[in-house]
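Given below, in the form of structure tokens, are the structures.
After this come two complexes, each holding chain A, first together with chain B and then together with chain C.
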Partner chain A sequence: MSDPSTETVHGNARRRRNLAENLTSLGFLAPILLVYVVIMLVPFAQSIVYSFTDYGGYDFATAKFVGLDNYVQIFHDPTLLNGLGFTLMYTILTTVLITAIALPLAVVLNKKFFGRDFVRSVFFFLSVPSMVVLGLVWQYIFSPMKTGAVNMILDKLGFDTVPFLSQPGWAKFCVIFIAVWAQIGWHATLYLAYLQAVPADLYEQAQVDGASTWQQFTNITLPQMVPAMGVSVFMLLTGGLKVYDLPFALTSGGPGSSTYTVTQSIIVTGIGSGRYGIGSALGVVFFICCVVLVALQQVATNAIEKRLS
Partner chain B sequence: MMSRNMKTMIAAAAAVAMLAPLGACGSASADSDPNTLTFFANNTQDAYQPVLDAFAKKYPDIKVKFSTTNGSQGGYQQVLQTRISGGKLTDVFVLPPEQLSDMVDNQLALDLTDEAFMKSIPEANKAPYSQDGKTYGMSVSTWINALAFNKDLLKKAGYDKIPATWDEFIDMLKKIKKTEPDVTPYLEAKDGLGIPVEGWLGEESAADNDGKMLDQSITDGETTFEKTYGPLYTEWSKLFKEDVMTSDVTGISADQMRTEFTSGRLAVMASGAWDVPTFKDSGIDFEFGTVPMLTKDQEQYTPGAADPSFAINAKISGQKLENAKKFLTFLASPEGLKAYQEGTGNIPVVEGYDAEIDPSFKTVYDTYMKTGHVYLNTLGWPAKGRTALRAETFSQLQQVAMGSIDGTTAAKNLDGKLQSYK
Partner chain C sequence: MSKASKSKTSGRMSMGQRKRLHAGILSVVMIALALICAIPLYIVIVNTFKNSADMSLDPFGLPKAPTFENYVYAFENLPIIQATVNTIIVTVVSVALMVLIGSLAAYGMVQKKSRFTAAIGSFLLLSFVLPGQVLLIPQYKMESSLGLVDSLLGLVVLYTGASTFCYFLIVNYMRGLPQELFEAARLDGASSLRIFWQIVLPLCRPILATVIVFETMWTWNDFMTPNIYISSVEKQTLVLQVFNAMGQFTTNWPLFMTITFIALVPVFVFFIFCQKWIVSGLVAGSVKG
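Take a look at the complex of A and B:
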């Protein structure tokens, strides 16, 4: 049995050591926390304040308190509602399609075959150019005129030309198609990294037990990939919700307002028009939508993880 | 094992490293050196290089730090606004008419009314940059839209120029379509639709509205978009009804349209003087024609306005202010204007300076620039809503092009949008 005074001395020493370690950790975290506070939390708090005023971006001292007027106005703007609809459609469809394609693609890229490294590089390279550059290039590929690259091929093959960027449905398709095309390689690489950490003996065991390839995929690969899916889906959701560059470069939000996005609204209706109050109200509403969606995704991912573990 | 002191030192170093970029954010954009002028412009560095070089040659002691957005005019306005919000306004900057009242109300632009370099600026170019009798921007050039046409393609259809009236113009486009089935008769860019409509509005303003901008009357509540724009949008929509312009136009950018024209696959396109060098490089035989009016007896008008002006930051003083005035004086001098036209392609209209006009642009220069028959609808709209309302105009016209709404509905929708900016 140890002496209580010795235990107290050891306890105090442990607490001092923990405190020292915590302070050291805080020392490492402080810079990034400070940056986060300065460039994220402070501007967000400012946005909340601006959203209740008619601030025009010049002198906040002259701004007037307008209550909830800005919030009422944004829910009566049909262009904004269109933007909200397309942003949600873009986010959900790109998330589902990229996840559905990238995961099997990662499984294929994880197998041994001739030129595997080259193929991996090609898929990853798609995500390297910026979305603005891709938008400008694809504008020529999906041009609705006969001289557009795809339409030229269709014409040569004897098919009618397709109004790719000049018909709302097709324009939405083009934006989502390019987003999926550009991002599958990056997300497949993410899955690949997780796949390589799956113990090979799990598959060997399954093969010995006579499991088919499909059974191995559904019973071993998928459950092991849930954490990776959580990360990938989180990134796709947050990236999709704030999308601006690709639709703007490809369609400028048209035809009409069919590919208009919420971020474009914040920029054009708010900042671009010198109406920081409206723009900030839009930003706050959108932030709440993002928090709800991401929280739902986190809850769903955690539930799936628990069930499969 | 790493000592605690070492850990602390690394943490401190990391903190300093992380904070360094923030320190950079805090540095003033207006350089503290009195002989360094900061200049924020709405065009590329290439476009302003001849001006910067000529100025550096004349004033070797003054350094000009140039910055730009490399984006559209709308993009420039957004960045300028953001810079002002962050207290980063440069010493000299390009002031768009849309931002004049905010700049003046917030005492950001210097009053240039009595400056010597303003004496040769035409009144038409001072007006958009004046408030309460004072002028805050020096606009040295005017932009106009005109219709560029491929002379060979028009000749094949039996024409040597753009017809004077809208109906004749549509007839010509039909003939081009018939004689050259693989050629697109006419295009406007998706974010520049309705160019003839603005010309017609200019004429109506001058003839039926005592010279007051029709759009100002709409903003003042004396009339509506539905009453004024509605019939004109309906006329414009004949392009689609007669199948001489298809809904493809809603998916075509200005660059794509230019490529079609320079490749000889497009007969007529909405354009301006800025396209002359590109057209010349392509080797096509082209010329610019006037915008067809609705009837023969109407005066000819086209979309256009004084170009964005050069302004001086009202907060600067002393040597820096003197240098800023030297820069504007140089810009308004023959030497500066020559360099400005060479780089930007904009046509100077400063009194006493004979701008070089390309022969292909001579007709429209004489018709519009010499007479001042230009009209820009946005100048009559509420300053806060101009950018968004202009974007909405194109959005509505795209829907007309697709046939999902008619011209009257498009105009009515603009009335609804306008209400939210009042």
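Take a look at the complex of A and C:
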């Protein structure tokens, strides 16, 4: 047995060094903690508190505690519910469609053909401009009037014009269509980067064994792409839930409130008309939706990864 | 290339011929698809050289009498230069801050593995499930109590929130670096800050390039924040200006297309220079995680 007194001396020295190292680390971490607490955590806590009050934005001392009233009101307000519904629909549909198109696109862009670099660049280019700018340009293309680009063509070919942005169903379709159009290139590029890391001899071996292109895709490409899908789907989900720019620029949430988003609701009800309580409650409900969706995605990715490896 | 000549000879073909035929078909299909997808961009560019009447008659054709009047009008009547300068200032300062804060934190994290830093790590992870929307109202209140509404500084303060995203990409990359290098420097008596500046940051150049490109595009394109916070014309960012121009000139599509095109040019130039970093580093950052 060693002498207990020397052990404590050593222990003290180690603890002191440990403390010093932790303090240096803390010094490096201090700025991010400050930013994180001030810009994110404190506002988050405030939102939760506001959501239980009738706070109107002037003086919090006079705000009354109203219990779950704000939450009850959300579920009775069709505009707010529409916002929540369309945001979730947008998120899920764009995630599914973009993944379903971008992955095969990446496989094709990974093959050798004349003009490949040009095609890659064009698809990527589409994701570079701001969504607001794209939304405004498409407002002209999808204009429900005869002056709109698509309707002008339909009209010349003798078809009826389509009420693109003036009918709820079509408006939703247009928003999602444009979102898919704008983002497939970016996600295809992401998949492409991962595809290039797949060892070529896997495919050579499969060709020797006589595997068809489809078999190669399902048995080699897809399993190899699971980590990439994890990244891409996570970005699509979190980006989709934040959606605001595109529908706002294209339809300003209309017709009616058919393409309303959660963000727009919070800005209009919360900041615009000063109903901080309801706006915050909507934010909290939405936070819960996000947690559930992201958790589901993580569970699904892990399950798929386990099954394939 | 000889696409046309190949399509008829499908009877008996060698492997090489069939491969070339496939590549030929692929070329035609993919180039056609890419061109179709690019039509909206074509419409924007081609109509900047027309006047309203010409555009409504024929929005797709090349301009019969090309005119630069839209460009002249846009630069004379809109504070485009001012908006560009504003956007550059906000983007450069914000991105510099968030990358600095993010990489400092990443180094603090890598430098010392303990229960304490691990706790901070999972604490920061929370930011990924925290949707920005739930923060909007309190953030607006905070900015207005500090007098930061309608100021460029106010935008910068909010954008530093993206530091956590930078941190995650950078920390994953840093973990993959040879830690012995840092150890050796520390044994030589170099201070932590010096190791950070002179050894760690230069080694992280690839991921830093990616993060900078990524965040620059995001900050440059952001519309929601300026739309909420900026009300003075002289403080508008470029994207906000395009949006407001739309309200101002609803009937003048060619002028709107011109403003759009002017706003897109800096983004495209930036993209052409930085294309290769955009995705490669994202992959590097996430694969090692």
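Criterion: the second predicted complex is superposed on the first by the 276 of 309 C-alpha atoms of A that agree within 3 Å, B and C clash if a C-alpha of one lies under 4 Å from a C-alpha of the other, contacts with A are read in each partner's own complex, and residues count from 1 in each chain.
Here is the rule we go by: a residue touches a chain if its C-beta (ideal position, glycine included) is under 8 Å from a C-beta of that chain, and two chains touch if they have at least 3 such contacts.
As the structure is a computational prediction, the values presented were derived from the model and not from experiment.
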item	value
Fit or clash between chain C and chain B when superposed on chain A	clash
Which superposed partner A:T147 touches (first chain B, second chain C, both, neither)	both
First, second, both or neither for A:Q167, with chain B first and chain C second	first
Contacts of A:A193 with chain B and chain C, given as first, second, both or neither	second
Which of chain B and chain C A:F159 touches, first, second, both or neither	neither
Most chain A residues touched (candidates chain B, chain C)	C
Touching partner for A:G115 - first (chain B), second (chain C), both, neither	second
Chain B versus chain C as contact partner of A:F75, first or second or both or neither	neither
First, second, both or neither for A:L126, with chain B first and chain C second	second
Touching partner for A:F65 - first (chain B), second (chain C), both, neither	neither
Which superposed partner A:S280 touches (first chain B, second chain C, both, neither)	second
Colliding region between chain B and chain C, picked from 181-189, 253-261 or 271-279 after the shared-chain fit	181-189
Touching both chain B and chain C, residues of chain A	24, 27-28, 31-32, 35, 38, 57, 139-140, 147, 267, 271, 276
Chain C-facing residues of chain A, complex	18, 21-22, 24-29, 31-33, 35-36, 38-40, 42-44, 46-47, 50, 57, 108-109, 111-116, 118-119, 121-126, 128-134, 136-141, 147, 149, 152, 181, 189-190, 192-194, 197, 227-228, 231, 238, 241-242, 244-245, 248-249, 262-263, 266-267, 270-271, 276, 279-280, 283-284, 286-287, 290-291, 294
Touch list for chain A against partner chain B, complex	20, 24, 27-28, 30-32, 34-35, 38, 56-59, 73, 76-77, 79, 139-140, 142-147, 163-168, 171, 251-257, 267-269, 271-276
Contacting residues of chain C [partner chain A, same complex]	1, 23-24, 26-27, 30-31, 33-35, 37-38, 40-41, 43-44, 56, 59-60, 100-102, 104-105, 107-109, 111-112, 114, 116-117, 120, 124, 127-142, 157-158, 160-161, 163-164, 167, 192, 196, 217, 220-224, 228, 239, 242-243, 246, 253, 256-257, 260, 263-264, 267-268, 271, 275, 278-280, 282-283, 286-287
Residue ranges of chain B in contact with chain A within the complex	4, 7-8, 10-12, 14-15, 17-19, 22, 74, 77-78, 81-82, 84-85, 99, 102, 105-106, 108, 182, 184, 190-191, 246-253, 256, 260, 263, 265, 383-388, 391-392, 394-396, 398-399, 401-402, 404, 417, 420-421
